[in-house]
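What follows is a set of structures for review.
You will see chain A twice below: alongside chain B first, and alongside chain C after that.
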Partner chain A sequence: MISALFAILVFPGILFVSAFSLAAEFADRKIHARLQNRVGPPWFQPLADFIKLLGKAELIPTNARPLIFSITPVFALASAITAYLYVPLWTKDALFSFNGDVIVVLYLLTIPTMAFFIGGWYSTSLYAKIGSVRLMTQLFAYEVPLFIGILSGALLADTWSLYGIALFYHNNPMFRFFNIIGFAVSLIALMGKLEKVPFDIPEAETEIVAGVCTEYSGKFLALFRLALDVEMVVGASLLAAVYLPSGMSLGPIAGFAVYIVEIFFIVALISLLRTVFARLRIDQMVSFCWKYMAPLGIAQLLINLIVKAVLIK
Partner chain B sequence: MAIKAVKKILTWARIKSPWIIHFNTGACNACDIEIIAALTPRYDLERFGVLLKGTPRHADVLVCSGPVTKEVEPRLKRIYEQMVEPKFVIAVGTCACTGGVFSGCYNIKGGIDTVIPVSAYIPGCPVSPKAIIDGTVKLLVSLEEKK
Partner chain C sequence: MSDKNKFKIPIGPQHPALKEPESFSVALKGEKILGVDIRLGYNHRGVEKACEERTYIQDMYLVERVCGICSHSHSTCFVQAVEEIAGLQVPRRALYIRTLVSELERIHSHLLWLGVAGHEIGFDTLLMYTWRDREVVMDILAELTGNRVNYGMNTIGGVRRDINPDQIKKVLKGMDILEERTKYYIEVASKETTVIKRLLGVGILSHEDALRLDAVGPTARASNVNRDVRRDDPYAAYSEVSFNVITDDHNDIYGRTLVRVKELMEAYKIVRQVLKDMPDGPITVKAPRKIPAGEATSRYEAPRGEDMHYVKSNGTEKPERVKIRAPTLANIQAVKHMLKDRFLADMPIVIAAIDPCFSCTDRLISINDLDRTKSEIVTWEGLRDYSIKWYKEKGIDFSKVEI
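Our next item is the complex of A and B:
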């Protein structure tokens, strides 16, 4: 009972993952700033933003549905944090693991997007509605490559549990090299999920003010932002568990250090890509995902099937 | 005691994270260009936690440039009302402070403070980005003293 509460509230639950995701946001913003030749924000910036937003007055637009408007940010954050319980892997025994948790994590990661959509739609501002529709359109584009990318890694490992996948690649490190296409596809699809720059179409501030979050302010906005940050950490952990080497055999402390380094490596990749590219249009994004990313994902699936038939059997 | 500590943390967070929204109330455009210049990598306002936001709901500081024309007056009021407390207004440029060269025109109401309360005035025609940064920092420091 106590240990379950500890796991939910402190480690690896709410407290740890919030602090970690704020650190990840800082890394993202700092790297982005340095790549643009700027100094960038100080280390406490995401924390200060979060506290300031919590301290602002409450405001619900008259036209919005008060219940849905105020409850969706909580849903978004809760499901993102729940997803995190299954992904961190740095010891021989995972914290919580069962056969099929890859699928659960992927679906839990979809819930924040749905919450953004519903919250934006029910705030009844025109900009928020346009943002919501774009968010949904984008969801259909990146979700398939993301699923194919992650699951083809699982296919080679012949298990649906994240722990099993990590263990398989830990025991057979060479098989990782077959998964490079899958890693690239999942990373790009993850950027679509996180609304990072080439795919920040739903919140394009030069076109539709702030997209789904236009009417959100104060603590609701704080929760939405935190949910996005947690999503970034969960997504990065997922990619790290499936594609990157893990420090499983190094013991808990060194393994944890390896895990942290890997997460920051993926965050750095994301900020590099978002600095280099400019925003796409929604139709360009959809056709890019379906014309290039999905076929690449399927190619990865085929490669893994052949590898499995030839090398493992 | 606890309330005091919470208040202190809140003030700290407010000072460290002022998000701004820029609104042109009728400027000749030179002040706007200088505001944009202050936000470029050369001056890098993100050092102080300043972010430019598109919607008044997210912003803490309304940065106004130019005199208030009669046409823009109701809109300025509306944008001010859409912002969430606590909120501040900075008047950038001589026109925004007093009406400047435009004062007395048939279509001009006057400075920003004839319509909404203003927390900081930054004069200059046009103001230099350094002056904008200096004024913003002074506003933030005054918050700390007020508590």
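Our next item is the complex of A and C:
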């Protein structure tokens, strides 16, 4: 009982993942800034932003439904944190693992997006509504490549538990090189989920102000932002578990260090990609995802099927 | 889609995409733009009218503040008109210095535009890079004139500050740095995939439309309208330097971007020539305080396009009428045309592509009653009475103030 509470509240639960995701946000912002030839924020800036937002008054638009408006940020954050409980893997003893948890994590990752959509839609601002519609349109574009990308890795490992997948690639390290396309597809799809440039269409500042978050303020906005940060860590951990599992046999401390390095590596990749691109239009984004990403994902699926038939059996 | 999907969203008066207050009411169907209502007038300052209340020297500083970016353009344009009426022979060295500052201003304005365009399409990296490099030319301008903007370089009959060989060296060094960087920006603007995706084929303004809607400056030149006041009606020292007028036949924002970055290269060329050929001599002639009666029109190729000033004098030390036609006023009509059938996402970059300066554009005050059926044009005195009444209701009495 106490150990379960500890796992939920402290490690690897709310407290740890919040701190870790704020650190990841700092890494993202700092790398982004340095690549743009700016100084960038000090290390405590994400935490300072969070605390400041908690202290601000929150305004609920007159026409919005107060309950839905205020409950969606909690949903977003809660589901993102829940998803995290299943993904971190740095030793051979998984924390919580069961067959099929990779699907659960992917679905839990969809809930924050839905929460953003509902929150934006019910805040009744025109900008937020357009942002919500764009968010949904984008979800249909990147979700399929993301699923195919992650699941094709699972297919090769012949298990639908994250622990099993990680263990398989850990024991057969060469097999992960077959998954390079899948890694690229999942990373780009993840950027769509995290609303990073070039896929920051739902919150395109120069078009629709702040998109779904336009009417949000105070602690609701703080929770939304934290949920996005947690999503980034969960997504990065998912990618790390499926595509780059390493350090599982190094023992808990060294394995944990390797895991942290992997997450920051993926975050750095995301920062790099968002630095070098301009924002796409929503129609361009959708056609890009269906024209290139989904076929590439399917190609990865085929490669893995063939590899499985030829090399494993 | 049904009619339920049609709605209007306000872009402005306050909006992150706009750097100045201006109202665009966009009718949307899904993401598609059905129509745009443009409403000017949030920035009206009555500069033209205020010019009539001030002396020519005071006016020069006032028109310099019409626009923060092309301040030298407006003051030079005004001064040229006054000098023409007064029949002043401006020394050649002064003309060269004016040309130098005007090209430096073009460099700073085009670099600024490139950054803003990058920001509008969500490419903040370009914004950060260009604005960092823009500091080079801003520092040069501060070194030459004493100010980063609103240089105060002109005076009637010449310029106020001379430049020395030390400064020339600094300018040349700055030009070398900027030329190197601009080559990189040409590369980025013309090769980077996402940039091309957002710019190519967006905001189309055909050659015929550009002529019909009287577009000016880079907006027109990107539609293959070969017009440039610097070449067609040379002022300052432009008749003595050689440069190419950049045109492009893409007719879209991609073309406008290429025109601007290539104009940067031409500007470096002009600056080098001006510094090399700068003649010796005085920098100013004495101008009379009272300008003889007459009228003159002066044209000037500002970074955003052709700027036009009309000055009418009546023999006193104050002008009778000053009329300013800033380039944005000529281009703003084209925006509505360019936005037809585009996506909402294109809206910021299409507006930004003409490099708008809304405060230059705002003209007259018309007061609409609440249901917007009646409108009237208010005179200077009427406006003053209105403001006195307005402030009286707020408890402040300005009626005793002399102007």
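The rule is simple: the second predicted complex is superposed on the first by the 312 of 313 C-alpha atoms of A that agree within 3 Å, B and C clash if a C-alpha of one lies under 4 Å from a C-alpha of the other, contacts with A are read in each partner's own complex, and residues count from 1 in each chain.
The rule is short, and it goes like this: a contact is a pair of C-beta atoms (placed from the backbone, for glycine too) under 8 Å apart; a residue touches a chain by one contact, two chains touch by 3 or more.
Not measured: the values here are computed from a predicted model.
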item	value
Touching partner for A:Q45 - first (chain B), second (chain C), both, neither	first
First, second, both or neither for A:D283, with chain B first and chain C second	second
Touching partner for A:I150 - first (chain B), second (chain C), both, neither	neither
Partner chain(s) touched by A:A80 [first = chain B, second = chain C, both, neither]	neither
Which of chain B and chain C A:M191 touches, first, second, both or neither	neither
Contacts of A:V209 with chain B and chain C, given as first, second, both or neither	both
Touching partner for A:T275 - first (chain B), second (chain C), both, neither	second
Partner chain(s) touched by A:I130 [first = chain B, second = chain C, both, neither]	second
First, second, both or neither for A:A57, with chain B first and chain C second	first
Overlap of chain C and chain B interfaces on chain A (superposed complexes)	36-38, 127, 205-206, 209
Residues of chain A that touch chain C when the two form their complex	35-38, 126-127, 130, 134, 197-198, 200-201, 204-209, 275-284
Touching residues (chain side chain A, partner chain B) in the complex	29, 33, 36-42, 44-45, 47-52, 55-57, 59, 127, 205-206, 209-210, 213-218, 221
Chain B residues touching chain A - in the complex, by the definition given at the top	9-10, 12-14, 16-17, 41, 44, 46-47, 49, 53-55, 57-58, 60, 84-86
Touching residues on chain C, where the partner in the complex is chain A	7, 9-10, 15-17, 28, 31, 118-126, 128-129, 132, 192, 194-195, 197-198, 343-348
